[in-house]
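Take a look at the structure set out below.
Note that the chains take the letters A, B, C, D, E and F in the order they are written out, and that residue 1 is the start of every chain.
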Amino acid sequence: MHTTRKGDYLIEFLPYIKEFAGNTFVIKYGGSAMVNNELKMAFSKDIALLKFVGINPIIVHGGGNEIGYTLEKLDITTKFHKGLRITDEKTMEVVVMVLAGKVNKEIVLNINRFGGKAVGLSGVDANIIKAKKLLLEDVDLGLVGDVEEINPEILINLSKSGYIPVVSPIGFDDTGSRYNINADTVASSIAQVIRAEKLIYISDVDGVLDNDSKLISEIKIKDIDKMIDIVLTGGMIPKVLSAKEAIENGVKKVHIINGKKQHALLEEIFTDAGIGTQIVR
Amino acid sequence: MHTTRKGDYLIEFLPYIKEFAGNTFVIKYGGSAMVNNELKMAFSKDIALLKFVGINPIIVHGGGNEIGYTLEKLDITTKFHKGLRITDEKTMEVVVMVLAGKVNKEIVLNINRFGGKAVGLSGVDANIIKAKKLLLEDVDLGLVGDVEEINPEILINLSKSGYIPVVSPIGFDDTGSRYNINADTVASSIAQVIRAEKLIYISDVDGVLDNDSKLISEIKIKDIDKMIDIVLTGGMIPKVLSAKEAIENGVKKVHIINGKKQHALLEEIFTDAGIGTQIVR
Amino acid sequence: MHTTRKGDYLIEFLPYIKEFAGNTFVIKYGGSAMVNNELKMAFSKDIALLKFVGINPIIVHGGGNEIGYTLEKLDITTKFHKGLRITDEKTMEVVVMVLAGKVNKEIVLNINRFGGKAVGLSGVDANIIKAKKLLLEDVDLGLVGDVEEINPEILINLSKSGYIPVVSPIGFDDTGSRYNINADTVASSIAQVIRAEKLIYISDVDGVLDNDSKLISEIKIKDIDKMIDIVLTGGMIPKVLSAKEAIENGVKKVHIINGKKQHALLEEIFTDAGIGTQIVR
Amino acid sequence: MHTTRKGDYLIEFLPYIKEFAGNTFVIKYGGSAMVNNELKMAFSKDIALLKFVGINPIIVHGGGNEIGYTLEKLDITTKFHKGLRITDEKTMEVVVMVLAGKVNKEIVLNINRFGGKAVGLSGVDANIIKAKKLLLEDVDLGLVGDVEEINPEILINLSKSGYIPVVSPIGFDDTGSRYNINADTVASSIAQVIRAEKLIYISDVDGVLDNDSKLISEIKIKDIDKMIDIVLTGGMIPKVLSAKEAIENGVKKVHIINGKKQHALLEEIFTDAGIGTQIVR
Amino acid sequence: MHTTRKGDYLIEFLPYIKEFAGNTFVIKYGGSAMVNNELKMAFSKDIALLKFVGINPIIVHGGGNEIGYTLEKLDITTKFHKGLRITDEKTMEVVVMVLAGKVNKEIVLNINRFGGKAVGLSGVDANIIKAKKLLLEDVDLGLVGDVEEINPEILINLSKSGYIPVVSPIGFDDTGSRYNINADTVASSIAQVIRAEKLIYISDVDGVLDNDSKLISEIKIKDIDKMIDIVLTGGMIPKVLSAKEAIENGVKKVHIINGKKQHALLEEIFTDAGIGTQIVR
Amino acid sequence: MHTTRKGDYLIEFLPYIKEFAGNTFVIKYGGSAMVNNELKMAFSKDIALLKFVGINPIIVHGGGNEIGYTLEKLDITTKFHKGLRITDEKTMEVVVMVLAGKVNKEIVLNINRFGGKAVGLSGVDANIIKAKKLLLEDVDLGLVGDVEEINPEILINLSKSGYIPVVSPIGFDDTGSRYNINADTVASSIAQVIRAEKLIYISDVDGVLDNDSKLISEIKIKDIDKMIDIVLTGGMIPKVLSAKEAIENGVKKVHIINGKKQHALLEEIFTDAGIGTQIVR
């Protein structure tokens, strides 16, 4: 009277299907997983499967290197301030074209090829992202913005109707200006407003590592403050702090996973051990 | 850039979740899987999980050795004719007590312990199984019956409301008589009337075996007639013929699996290769 | 310009139809009305008619003499303590078989013969009756239980869908044990949880009698305490006290009627004078 | 073990409640029952009770002597042709005032006093009765009309919402003219269009009588033709013929009852024997 | 690149369609607009158009000179006290006949001729207007009443179902008496109970005029008290005070317009400037 | 008793509100109305107003001169064949960026500034436009496509939920290729599939002109064939033929109007005379 190996895996995976059915996950998509073609296809397949089994993914994408590349082709020179591109009106037009025209529509096309029904939107459509100018003391960044208000109605409507929203991080304000906003920020803001079950950052690292470079599987938000400067360093600090904020505002869990591992998204979601770092209350 | 093993399994399993969500499976439960305690628990867990992931199982159970055992205790002697127990009114009362009282309620209790919401019914409840006397030329079998008409309304209602119906194979007629009916027959009749996606027989063998005792994974109903006497023998013949009838009357697939293997039910349903024999159009 | 006698009766009866349409009555069924065949048929007809005219009856039945009778046949000896049968596991199996298998299914069959759609359930099905051991100081009663929690969901669902639930007073606990519970207690607990319009005890007496053996038609719960020992005596005391508790917990009226009078149930419900005793706030 | 008399009546009456619940009865109200005050009250109570128990009555009323009486008071002289009042515009204004203003509102008020929610309408309201001029060869009757088309939408809407429509038999045409129409004709036309379960004429006689003046309880429409001139005479002929037409156009049964007997309406509907004559297919 | 004049008007009118869609306007209809035939037709067309574009008008009408005229024809003499007709039972019967029979049905017929679906009701129908006797210190006015309670259910139901309710200002009390009530009062009471968007008085003047006889387009309720005796005089005072009360009880705006100007109703509602006086919070 | 001019206009316009409420209009937006800023604003306001009054506009836009302009900036040279740009993969990427990124999002932003809730989509999103290569005998046009199949589900869903879909004419095929399709063709295909009430071409001329350059207000499709070469010439021939095809496939009316006239769209829709040419069955 033996047990099959696949039977055991099914016993492990199936309860998560039940647990997450009908839940909404906001997924920030960027980095290598958005560049390498094999990974792009694996990601698209994973997203289509998530939707198939009753989960509602909402994707927020970055721009990878496409914006810089197109600006260069168009002989438009831009300056940077602390990693942020100073964006004038002419640059902004290119940003919109590349994000909402090129990158967004390619993601949509790929997901749809695996049987999903993706719908590409920018933050301008249906007034999703009302933005304000990101103000720095010392420098005027131009049309670099921050989230003022999220209007999630259409994202919820589309999700309920079987579609997968794919959002470009472009905002608008009442004067008709458009703003380029950090995609991590947009993903986190949307997740908070709709009280998403999960906010998942697809990055280029395995997750949060400890001082011996070993993966930390789970972090409680009450431990984050004391981990800063001891365990957490560099670019991981703002990511973990934004995760903390998201959880304090109603998101159940935040995950940081490695987009370079195929199907890491599925394994993080459907297995007991997971594959990256999860941040919880 | 490796793929995880679990990720691969997820890619294999998940599409079946989508495919079967909302479908109804009629499962004949009997044999060793109903006697051995470890297998009983595994079966109960599998059924609860099926319901969790959106499949609607309807269970029809047999009586195992319990009827004979109780009749013996009560000093009631019965005779058999070609494997069928000649059933007078006094015997019938015991059959109802054992099937609808003892066996049925134990199955219900076990499924509920794994978080399911099972509801035990006999064919008398809500007029589910209208029966007629099984007529043989040479002998009067008494209250051994056959299915006259299935009234599946309550099974559908309960399934839609999140319950798992567990049915004892007892029928009634207009005179108020009750009949003992073969559980395979009842499962097949219900599956046909509700046009179930699957009818699954949990038996004590791996499925249909060929002349070299190797499992045949799939049989098309058009090939069944020529397989008889060559490949199919003994008790497997009526089972396969009833499978053929079920498919001709609207059931999508019939499966014969080995209840002695833990979680065989899940593996048959959610994997590409399956584990037993499936019979298809 | 005369009035017909039937016309007058209609004028008397019809307002009750309106008043009770859509209401739920919990009816404890036991005693002579469950033994004598003519009375069984009259009761079944009354229940089917109640459902026809829009009332939702929920029946809780006792076991009459059937449990003792079957234990005897099986040579199982049991002891009693203050009228309660000390119940070990082996005895409990017989209790379940007799209540949920024999008695329950016979009531269901009879109601269905008069056009009702009865569905027999035990407290184990759909987790209706979560039980706990009934603890006495001096003696261990074994699997004699008390109500811990009623989960009425399926009773309400079935009632709304046109079915008549018939409940055996068997409970379960988290360890998988089953308990034999007093049917009056189960009826009262269900009536309280669903805030039934009426809780009706079908007994073997006309109702509460005064010291001159005259029927008392109505008792207010505020008068019950002072009636004890003066008017109320013997077995009627716990019944009337449980009625008081039911009313204090949301049941509108409790009735005690004589099951030996045919159609007493209808007359109590639909006439101005009633036929038994009603206990009200 | 006796049966109560009221219990037996309940067993007789209750099945009709079930049978007629949700059905619509069109009731022509006129004659003595509309004049005598005690009968008016009994009728109003009966109608309110019918609605209470789930039947949807629609009432069409005549004008009794009120029209003639008011014309006289206003010194308007009118001529008759074969019992029909020749109606000019000035007369028609009085007809509308008396039917839709005086008679209709009084019926409404009385039913409402017994707890009904009656709503008085004329055939002009919501375009219920489109009419045409009743054309005779030899004489111009003026604004005496016939039914051209019934628009029953509002009657159905109000009935479903718990109201009791009370209709004055006044029609309109596309030129803006209004017509006085026979109330029997209007009741029958409405009953046909909505395929009423029953069309009930409240008259001043017990029903159809045979040659020995004995009441005929039931007439089949296939027997009507041969009964004319032998059994049927005088004013009963057009009533019975219109009943036949109604049944041929989808009404289930037509009843003729005596409005002088209090609660005859209820007794005709809810008893096996009835009290008047019913005409059936 | 010119703009058409009609285009400009459309830009002006269309936003009001959106603003008022689904709103309910209570319109008191009386005075010259109810007497002159051309104005009657224009009013009927306006009402039908309002309903067409999604507004729900509820009309309350007065009686014009019809009551006095008919009383005179019937040789019934009545006395007046401060403009109120002392009304005995015989007079009341005429009032009901004229309002609910003659005037109401004519309004209904006219609106329906323009494609509306008007339904005429009195306050007796569906218990819309529960009334009480209007008590004066020095004189008994008989059946002159005041509003005790509005039951607006049927008005809301009919409005939602596409009908236009037309209400005669007649009330009832529990003793079965009927009362003649001032139509302005009834309109205001209904508007308050249903929290109407607008209460519109169709009068014989352009609106509220200032001391130079110039129209005042808008009055705020906080300015009303100081306007009395300075700007407001005569019959306009009670109208403006009742408007104030209506707004304090939930009506959004009250309008007073001149029924002698064709389509004033539409112009008041759909243009920026309006045509009469609007009273607002 | 005068009539106001605005009152008269209201009487003219309002019936169209009723007529078109809930209807869907497909509007091809291009030419001067998409370039001149004042006209852009007027168009955006008109679209927002149409939605406000219950009409569901679906907009299909062209690319104006933006594609050529951007290709030039990027130093990508393209050749033309009979007015169609030969489109390789590199050019197609620019087409998608400009149409779906630049032009589409600007239209969306403008409509939203007037209170609309526009949502920009390409034919790739939600699989709206399945395309095939446009095959010419003599030359390979590359990724210039034709409509293979319209999947209008999301357009209908969004319209019903209060959004205004704005569609870029880009299609996809099963191989993952994207195609540039003529916007007139896409507008007509969508209008046919959803059986739109109106298909409106916003062009740079007043409509169809006769030989004396006078506007023809209405053309019946049965007259089109004989008008060709006599009245119809040049670029108007394909437009009128496509209008004919649309009407033969279920579109009610096709309009050709001059986008250079402000609010021509509103005037064509809401006035009796219209402003351009309408083509009807």
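Here, a contact is a pair of C-beta atoms (placed from the backbone, for glycine too) under 8 Å apart; a residue touches a chain by one contact, two chains touch by 3 or more.
Keep in mind that what you see is a predicted model, and the values were worked out from it rather than measured.
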Worksheet entry | Neighbouring chains common to subunit A and subunit C, by label | B
Worksheet, complete the sentence: In contact with subunit B and subunit C alike are the chains none
Response to the item:
Moving step by step through touching chains, the smallest count that connects subunit B to subunit D is 2
Discussion item. From the C-alpha centres, identify the chain that is farthest from subunit C.
Written reply: F
Item to complete: With chain centres taken as the means of their Cα atoms, state the distance from subunit A to subunit E in Å.
Response: 59
Worksheet, complete the sentence: Whole-angstrom distance, CA centroid of subunit A to CA centroid of subunit D, is 71
Worksheet entry | Intercentroid distance (Cα basis), subunit E paired with subunit D, Å | 35
Worksheet item: Of all the residues in subunit C, which ones touch at least 2 other chains?
Response: none
Worksheet item: In graph terms, with chains as vertices and touches as edges, which category applies: line, ring, star, complete, or other?
Response: ring
Discussion item. Taking the touch rule as given, give the residues of subunit A at its contact with subunit B in the complex, in rising order.
Written reply: 1-4, 6-11, 13-15, 17-18, 21, 36, 38-39, 45, 49, 52-54, 260-264, 266-267, 270-271, 275
Worksheet item: What part of subunit F is in contact with subunit A in the complex they form?
Response: 70, 73-74, 93, 96-102, 104-105, 108-110, 112-113, 117-122, 124-127, 154, 157-158, 161, 163, 170, 172, 176, 178
